[in-house]
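Okay, got some structures for you below.
Same chain, two partners: chain A is paired with chain B first, then with chain C.
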Partner chain A sequence: MATHKEITNSLLAFQEGYNKNKKLKIMNRDWNRVILIKATDVESEHTLKLEDGELSVKEGAPEDPDLVVTSDSETLADLFYGDITPTEPYMNGTLVLKGSEDDIVRLDFISLMIWGE
Partner chain B sequence: MKRVVSVSLGSSKRDHRVQVELLGEQFEISRLGMDGDFDKALAKLKELDGRVDAIGLGGIDVYVYAGKKKYAFRDGLKLMEAVKKTPVVDGSGLKNTLERETVKYLLKETGLIKKGTRVLMVSAVDRFGMAEAFVEAECDVTFGDLIFAAGIPYPIKTLEELEEIADKLLPEMTKLPFHMLYPTGKKQESRDEEKAKKYAQYYRDAEIIAGDFHFIKRYMPDTLNGQIIITNTTTTSDVELLKEKGATKLVTTTPVYDGRSFGTNVIEGVMVAILGKPWEQINPEDYLGLIKKLSFQPRIIEMAS
Partner chain C sequence: MALKKVLTLRTVVATSAGLTLSSSTFIAAVQVAGFLAGDAAWLAILTGGLLCITAALCFSELNGLIPSAAGIRLYYSRAFNDHLALVVSLLYMAVILGVIGAESYVLSEILHEAIPLIPPMAWILVMFSVVTGMNIIGIKIAGWFQDAITYGMMLSLTVLALMALAKVDFHLTAPLVTGGTANFVNAVAVGVFLFVGFEWVTPLAEEVTHSKLISRGMLLAIGILSVTYAFFTTAMTALVPREVLANSPTPHLIFARTLLGDAGVPIMLALTLAASITTFNAGLISISRFVYASAREHVLPAVFSKVSMRFFTPWVAVISIFILGVVISTIVLITHRYLTLVNMAAAMESIIYVLAGISVILLRKKMPDAKRPYRVRGGYVIPGISAVVFSVLAIAIFITFPRVFICLALGILLSSLYVNHVVPVLKRRHQQKKAAARRRRPVASAEKAGD
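Let's look at the complex of A and B:
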């Protein structure tokens, strides 16, 4: 089980990976979204906000998220640290993504562009 | 008579059956759409296995390519592996030869392709042979793989960048359900209005629009301005639609039977049935030799009024 702090740190690592990737910022200039990251086994909620290609991370839940990412704390931390890809846990139901199919593909894409081989 | 059946995840509205004579032999070629129902497609494949001479998988890619790397879609493999006795193909073998030859033919024999021609390939990893041929012809190519499959308005301009991005994305994205990345079933019958507006400029900036017809059709803007379309799987109503939109020419890469250009999976199935060799033993030279014997050439339909 990961702690809230570990999830926060994984999201900050994700943000750092994103910010280093100039191409990714260009690719996401059109995608303004508010994403809730929620753990199922510990009290932990975070907000990822993408605006004009920039990604920010905040502790706590947003009011009206476009996309909700829910999983156990360990999977969330592994995912945002890049130790696992989102595809497998998404396909086996460990990771639940609520939002439009296009947004789910886009989030998968961002994660793979940061951590992919 | 030899029977070749294409089982497609696409709409059953496009079903078709023809009889043709090829190299002195009669062929019945048919296409069966499963309306996006994956389980129905699996059941149909099992039913046909051992009862026909070749099966094509339509409306889905099994293998896509970027550079020397080959990636397999999990859903496509599931369908392919359901067939145990009959040769089963997805068209990727033929795309690599026939569609490459199409570009070379247009370059050599017509004035339709020149150095610097602006080409939009709506998706290149499913037609890497064609993508390479356009680059070899020194066309100004935009690869729309991210734009149309993933909704990311980022035009890829070189094969190197395409390979780099494919290498990051495809090992994982090929595990997703195919319908998340490609229009299947009912989606093939409708246009994505929002994206058609959003991405209209990519169509209008191009002189040639090439690639998968379902992608081309789903994101096509209200009007075109004289483009040449290079594709296949078009029906007579698709030809009318392209004419109405303002395309000037349609080039189909596969032969037209009964007003219909079949998918590469069907034609590859026919070729496998003619060659009578296991698919794994067939190489590009076999296909090229047969293309010559069958006198397959791209068909150019004039549309300008």
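Let's look at the complex of A and C:
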């Protein structure tokens, strides 16, 4: 089981990877989304906010997210560190996503571009 | 937690029905009528619709239990095992690609009839290029457009059917004469094709507020389609001799021409284009996303997960599907064996419904306490009926069309070989690569040691 801090660190690593990729920032200029990241086995909620291509990470839940990403803490930490792809836990049901299919696919694309295959 | 954007029941119904309505369905409708002696096509279609409702109820329970765009892949994986889920999913996608091939062939024949100067192959290339271009650039058909096309299409087909029935002063003379049980079973089996794709709406589970909307949407779509198809098929066969319709890949065009003269051609052309564009586009999007997701899961080679930095779309997957689609369409164009693909889709769809029925039963045993927003009433009766009846229908298709059986058996064999021998290699390679570049553990371990 990962801790809340580990999930925070994984999201910060994700943010750092994102910020290093200028192309990705340009690509996401028009994709303004609020994403809730929620762990099922520990008290842990984070908000990822994409606005004008900039990604910010905040502890706590937003009021009205566009996308909700729910999974166990281990999966979330591994996922945002890029040690696993979102598709694997998604296909076996460990990772649950709530939101538009296009947004879900976009989030996977971003993860792919930050961490590679 | 409320999501900002959610879909309405109207769009769920339109999506479910819209994915089902295609040019190939008219061919299947004529085939249904061809099996029967009297005017009993309506009965076979309504029976097919009723049976599909049992499958829809099963999908509703599965979708509520596991609301995921992964759909059958996840349902079957939980109910049976990942191996079977993968074999079936790969084969299903291949069959859907075949349906798109048949669809593009039918559409190209219609366009060729309307504008004879341009050969069907050119139309196939144009259609595939347009849809592939749309998918690469990332242009999507808007929800309102899907709604307008689907409801407009169903209304137009009903109006045309009523006009035709009025024109011939139609009276049901032999509404229950089927020509024997075997004929009726075959008609219902092929009739299932008319509803192929209604369950493709389940990936929207993540975009609705309540999973019950998906259930209601599917049931309403099947109900509306059953009535529309029953009317239209009865009208087609009442107006035009069955032999004429059965020998053509464009029976609906013949019907429109007979009903409205030359003015019927552009009307039916517009309707067919409307019917095809949604199926065609949705089919290609589904398959290319499946290919991309499979590559991300290391089930297919990693090259298929390449994403365009310009358009944010899986361009390798999209172009691969374009090539495969054009190849299949060309083969259909040369061999004229579009009916094999239609029947193959009907059989495959029956197998999918059999597995859905069994999945409901197995998951109730494996996950008895899991939250089910929707539970099929009557215990195991409806899932059981779905599993048994669709097994019979699949067998009926295999007996009547042995070529379909051979093709699907070959497909299962190839898919199994791939899953057994290639997928483990791809996964192993990925694991080795990932283990060397693992980011989290050293950090996590260091922190824990520090604690």
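Heads up, the rule we're going with is that the second predicted complex is superposed on the first by the 116 of 117 C-alpha atoms of A that agree within 3 Å, B and C clash if a C-alpha of one lies under 4 Å from a C-alpha of the other, contacts with A are read in each partner's own complex, and residues count from 1 in each chain.
To be clear about the criterion, contacts are C-beta pairs under 8 Å (C-beta built on N, C-alpha and C of every residue); 3 or more make two chains touch, one makes a residue touch a chain.
Because the structure is a prediction, the values reported are computed rather than measured.
Look at A:42: by the touch rule set out above, it reaches neither chain B nor chain C.
When the two complexes are overlaid, the chain among chain B and chain C that reaches more residues of chain A is C.
Once chain A of one complex is fitted onto chain A of the other, the partner contacts of A:97 are limited to chain C, with no touch recorded for chain B. In the superposition on chain A, A:108 makes contact with both chain B and chain C. By the document's definition of touching, both partners, chain B and chain C, reach A:85.
In the superposition on chain A, A:30 contacts chain B only, with no contact to chain C.
After overlaying the two complexes on the shared chain, residue contacts for A:61 are found with chain C alone; chain B is out of touch. Shared contact residues of chain A, touching chain B in one structure and chain C in the other: 23, 27, 85-88, 90-91, 101-102, 104-106, 108-109, 112-113, 117. On the chain C side of its complex with chain A, the touching residues are 1-5, 66-70, 73-74, 77-78, 82, 140, 203-204, 206-207, 289, 293, 296-298, 302, 305, 307, 309, 312, 430, 434, 438-441, 443-444, 447. Partner chain C is touched in their complex by these residues of chain A: 2, 5-6, 9-10, 13, 23, 27, 34, 36, 61, 64-68, 77-78, 81-88, 90-93, 96-102, 104-106, 108-109, 112-113, 117.
Those residues of chain B that touch chain A in the shared complex are 146, 150-154, 165, 167-169, 171-173, 175-176, 180-181. Here chain A touches chain B in the complex through residues 23, 26-28, 30-31, 85-88, 90-91, 101-102, 104-106, 108-109, 112-113, 116-117, going by the rule given at the top.
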